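For reference, the structures are reproduced in the following blocks.
There are two complexes below, and they share chain A, which is joined by chain B in the first and by chain C in the second.
Up next is the complex of A and B:
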């Protein structure tokens, strides 16, 4: 199979997965107790009023019709109208999505180089003091819940030292210093778990390659330790490392809810939680779709990079 | 003064266990020294310490290695520059993600001996000298696109790119087919001679060493048993262990009897074809094996010999053809076979340590077929276990141990006992001695011959080693690219005129005397 076929197959299967995911999202959100009509009218509404509103909103149509409408809408860029805010879902999301992406990008820019550095240096010193120290600290980081890290951060840096703000303000005309100060705590809180996961996976992938005979061969050719890792090990370890990173980074998009709440950050995750509590089904579904699509996209990118990095696949 | 001198070298594991004990030898410039011994003898450990290198978990605990003016502590700086290493498995020692040229010229560039263009020109010149195909473009290829024999020669080019003073060849032909081995040996010998290098050749194979070396050092359990010139060691070995090695290298004739063979066909294979995907592996295989016979199947890697065993065992479904066992048709697919079919045909795999469950002890491994095929439990099973262990000549104490605690030879015996527990009519032995040292393998062959006599077993013995097959089998079948090119009685084997391929195989087996390689070249030229 040519490499293009391989990549096309991979993309096709990602699209199919996304369709199945959309079905699951639709079914689950349909199973939630209560609906928007009930929620909008409150406890005192009569059943007739609820039924009338339900009819107006199109909620009494059969499920497959609503599903078809919805998927068609998403494909054409219109995932419906938010029932609570009474404006297009696309607009609601357009307001929040850049915030989430900015936070995720900042965290990624901070964590990816750092985890690579930690993972590779631990692997190069495997069994040594540095490796043990890094192992213990990354294990401790994995075990630490985010809300604890965030709360402690606020307590120390905002309350005691008064260095950093405890709420992250998002304005378009912030000066650079202000911008960095307001993002420091949320980025650090998110980084703790992500760095720990990524650096441990990197360490494992690099050690796996360091144990291969070709590494011994390179050593016996007189190649230095750093050059061995850069030239011989990384091209072989890149596939598993990228995959681990994609998994960890996908968490930044959908899993930031605790951090968003603590720092009162207007991101997508808190929007989705609000959508659940207010039974705003279209908004909820759109958020879930965005998270799943982002997750699939990251994994797809990781797979394609792994395919391109493997000479066995592009040199037949 | 000798050019290379090893003085009282000691290598220990970090746990304190001694791997090499007080090894001393020396070598003059331009000569070839062989380190010979079986697995665990410390030969590779000594070879690596000549580069000032000890594998993870081990360290050089004492003694010195001197190369010219350089001592042990100076050696790491000379790696890949004045001292070069050729590893056992070229397929594993090349980085799969880099092309050949990048890896061949790397040492020259790392040590800043020449610029890239010069290095590449030199590499191409070496590719020519090593008789590689497409020498001008082979450097652009990746390891997975080349054969084992080509990679092994490319590794020689990688070693010689810096014109090293000392070359260490660590079992460089062990992973190769016998016909490929001859070509690679010849290329190595030529290039070592042309470039006037001093070489240390590590091997377990006396016959190969006899072609390459001026001096031989015999190692066993980390100690030097005997050293001398090749002629001295080959013609007048003094040490008992050397004599044992010599004896194992020349397989004695174990063929016993025609009386064991009954004139009843046990296994009949008719028109069998098999393929993996679109690639045909077996093409129209036909043969009959008598009850009580020992049929030897020879072929090189890719000849389809293992696939044949897997087809008979039901692990690979043939695309066409029919297999009969004592007249009954054996269903092609495993799912269509009944328990009795399984019991009657047992397979013994090459690598016993991966074929047996490492989490089970020996008693559990052997009790399973007893319960499965014979519903044997409790005291009866216990008795049978002891009988089986006795049959393969192991002490009853191994029953409580796990395979990971046993040696390679012992595990292979357990593997055999597991097959015998089913009381099979046909035993398929797939390269059962290939992963073993010569002495241990010879003992397994003796055991097979004895079991066959006592239990009246029918054995299909698959091997790449024609001399082994010749020594123990009544019938010999030669497979080449999935076709049976020859099928003869073992007793007639020496008299017959053979198929060209069989002749090539026979003439490729190194003989235990110096000068064989040159003579063979003269003959084939």
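Up next is the complex of A and C:
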């Protein structure tokens, strides 16, 4: 009972957060100087043109009416129409969301196993040569900005060696080999930071558990090192590890802007930057809501997994 | 004009530019052939991308519109309006114009072109709901009416010799009558739009019924936007794209070293120092003269633009323009003169801020150079570097000393009307010159070339001597291209051959 209570609580607070976030998003996007009508018409606009377009777009209505309309629309599943592209927001996003999800999924599939492996083996060899080597390299990776990794990657693999494409083209009829080639550089660039962060967190979480008295007890009982980690340490360390993963993955969903820019990848992050510069509020708000919802969803999932995996909570 | 100096650089450019500068030679080296698919990367692409020519605001839009649509007229190599969809046009008084449409021209969906399409396409600019970028230019269309199914009469509010040039611009391309949604790009242009996703890509496939026999040459063009300059250049070097625009002069060596071609288009694109004539102390004519004498034009040309620029003389008509007056003495860096004028103005030792932003290309560096020379003549200039976002609305023309940035315009009249007429919204320096305004209207209606050149010449002198703008150089526009792409030549109105490359180029793969 108490576990379900706990989970339901988390879900309820996530929904409340989402509502508050929607209010904040709306207020902030309303505070941006200028509006879509001015941005669309540019500097040469006459006041009559701006007024006509503003009325056409419904921008001349009071803010609370627009907010009510928008939240109502979102709840019923219709985030409105993009003012600039003149297409339903859902359609614009449907074009980009799969790209972002694909890039995030590929990166996650590559980084999660690798960083678990690095983090756990570093923790098990704490202070040893392997640990020091892994620590130094992951620290160096954390310090390496994405734009540097991506640009060097392009210079070496695309411009010099001509092995991989320098921009990532997304087409539906791509053969598999082509698909993998075009995603290699962006996935690698994103992975550098993500692997470093995730493996550092994993290492810390595992070491934290290795320092606990129960591990000492198990060791004294003669349990092997690998068995200790697998049977006793990991179930206890899974909470912080999953949390670290959730943070990294939410970064992949919304924060890949630099990689998207360098590889000209049509993802959600660049769409949102677009929406800001063109003051396309419905699109901007929808993107922001997607990022917030994804973030909350990942954290919620992390919480739930941590709760379910926590042996102490199980025994109650 | 430009002196013999730049030819060492032209040698660097190699065969690519030489071939494009000399059309006869280019013809001998390579004959147009059909086939091929290219990918083109432009500087800007966003969800604002549109298939509506009236709304086009960025290079990608202009290219897309010239792919899908055609104009009543089009520009020749001398930047004169020549027949396009109109097989001929005439006007006796430069006020009432008759356009005779070509027969048998069809839209991509099979519909025939008639005068109704032309009337609709031109008049929609006057409807505020269209959101047209050229509404202020379309204001001069008093009436546009269909005389017969293939004849259109345009009545202007005043005589304008440049109408055929104006109508060749992408905003005035012809769309089918009644078109409002602009989802398919149904035009009479050389390429059918088969895929259009704003901010992602446009794919155009050759339109077999294009009205020019044999054209276009390419089977397919994919147009994408790569806003990041380094990524755009890398994509050209790695072979992922075959043509890019807006190359920074700093990347020119990399592109040449990578075996790609550079197309330099000398243009009337400039960044200028603005000295407001309605604010102190910049309204003092001696101060203006001092500042013009402080501009080290060769240094700006060499250091800021790696010689991809043309020295200017404080008026907006570049030396290669047919209307350029060549007997105006060139203002040069002259510290003694600057010191003299400053003393005359009583402004020696004064401290003045200059507002510069990356939004006006090169302005921050120009300001630093001015600051350096200012210090030598007893003028304490401070460089206020402000962010690009919001520069045009919050700083430009709003302080005594700011920088502006003007894109090429197809006619001298447009340039002068938009930026130098006394009551123009963008009269950057706020100068008022009744003689200039009078000449402007007179030249607009003057059909005789020699007389017109004389009028524009006098206006150039007035701007150079009295207007509060300092124009150090005209900045060249640079495209990079795969050398298998043939038929490119520079057009001073913009990169990508003035955005019209699609119908002219062929692939020799």
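We adopt the following convention: the second predicted complex is superposed on the first by the 314 of 316 C-alpha atoms of A that agree within 3 Å, B and C clash if a C-alpha of one lies under 4 Å from a C-alpha of the other, contacts with A are read in each partner's own complex, and residues count from 1 in each chain.
As a working rule, a contact is a pair of C-beta atoms (placed from the backbone, for glycine too) under 8 Å apart; a residue touches a chain by one contact, two chains touch by 3 or more.
Source: prediction; values computed, not measured.
**Q** Under the stated touch criterion, which partner chain does A:294 make contact with: chain B (first), chain C (second), both, or neither?
**A** A:294 contacts neither chain B nor chain C.
**Q** Can A:165 be said to touch chain B (first), chain C (second), both, or neither?
**A** second
**Q** Just checking: does A:89 make contact with chain B only, chain C only, both, or neither of them? Give me first, second, both or neither.
**A** So A:89 meets neither chain B nor chain C here.
**Q** Kindly classify A:278 by the partners it touches after superposition: chain B alone (first), chain C alone (second), both, or neither?
**A** Only chain C is touched by A:278; chain B is not.
**Q** Just chain B (first), just chain C (second), both, or neither: which does A:266 touch?
**A** second
**Q** Contact-wise, after the overlay, does A:220 reach chain B, chain C, both or neither (first, second, both, neither)?
**A** After superposing on A, A:220 lies in contact with chain B but is clear of chain C.
**Q** Once chain A of both complexes is superposed, is A:198 in touch with chain B (first), chain C (second), both, or neither?
**A** neither
**Q** Return first, second, both or neither, reflecting whether A:154 touches chain B, chain C, both chains, or no partner chain.
**A** second
**Q** Which of the two, chain B or chain C, is in touch with more residues of chain A?
**A** Looking at chain A, the partner in contact with more of its residues is C.
**Q** Looking at A:52, would you say it contacts chain B, chain C, both, or neither? Reply first, second, both or neither.
**A** The answer is second: A:52 touches chain C but not chain B.
**Q** Determine where on chain A the residues touched by chain B overlap those touched by chain C, and list them.
**A** On chain A, no residue contacts both chain B in one structure and chain C in the other.
**Q** Give the list of chain A residues in touch with chain C in this complex.
**A** For chain A paired with chain C, touching residues are 33-34, 40-44, 46, 48-49, 51-53, 56, 82, 84-85, 87, 92, 95, 151, 154-155, 158-159, 162, 165-167, 169-170, 261-264, 266, 270-271, 274-275, 277-278, 280, 283.
**Q** Over in the complex, which chain C residues touch chain A? Could you list them?
**A** Touching chain A: residues 41, 46-49, 55, 57, 128-129, 131, 133-136, 197-200, 224-228, 230-231, 234-235, 237-241, 258, 390, 392-393, 426 of chain C.
**Q** Which chain A residues qualify as touching chain B in the complex?
**A** Chain A residues touching chain B: 212-214, 216-224, 227, 231-232, 235-236, 309-312, 315.
**Q** Which residues of chain B touch chain A in their complex?
**A** These residues of chain B touch chain A: 48, 51, 53, 55, 76-81, 84-85, 87, 89, 92-99, 106-107, 110-111, 141-142, 144-145, 158.
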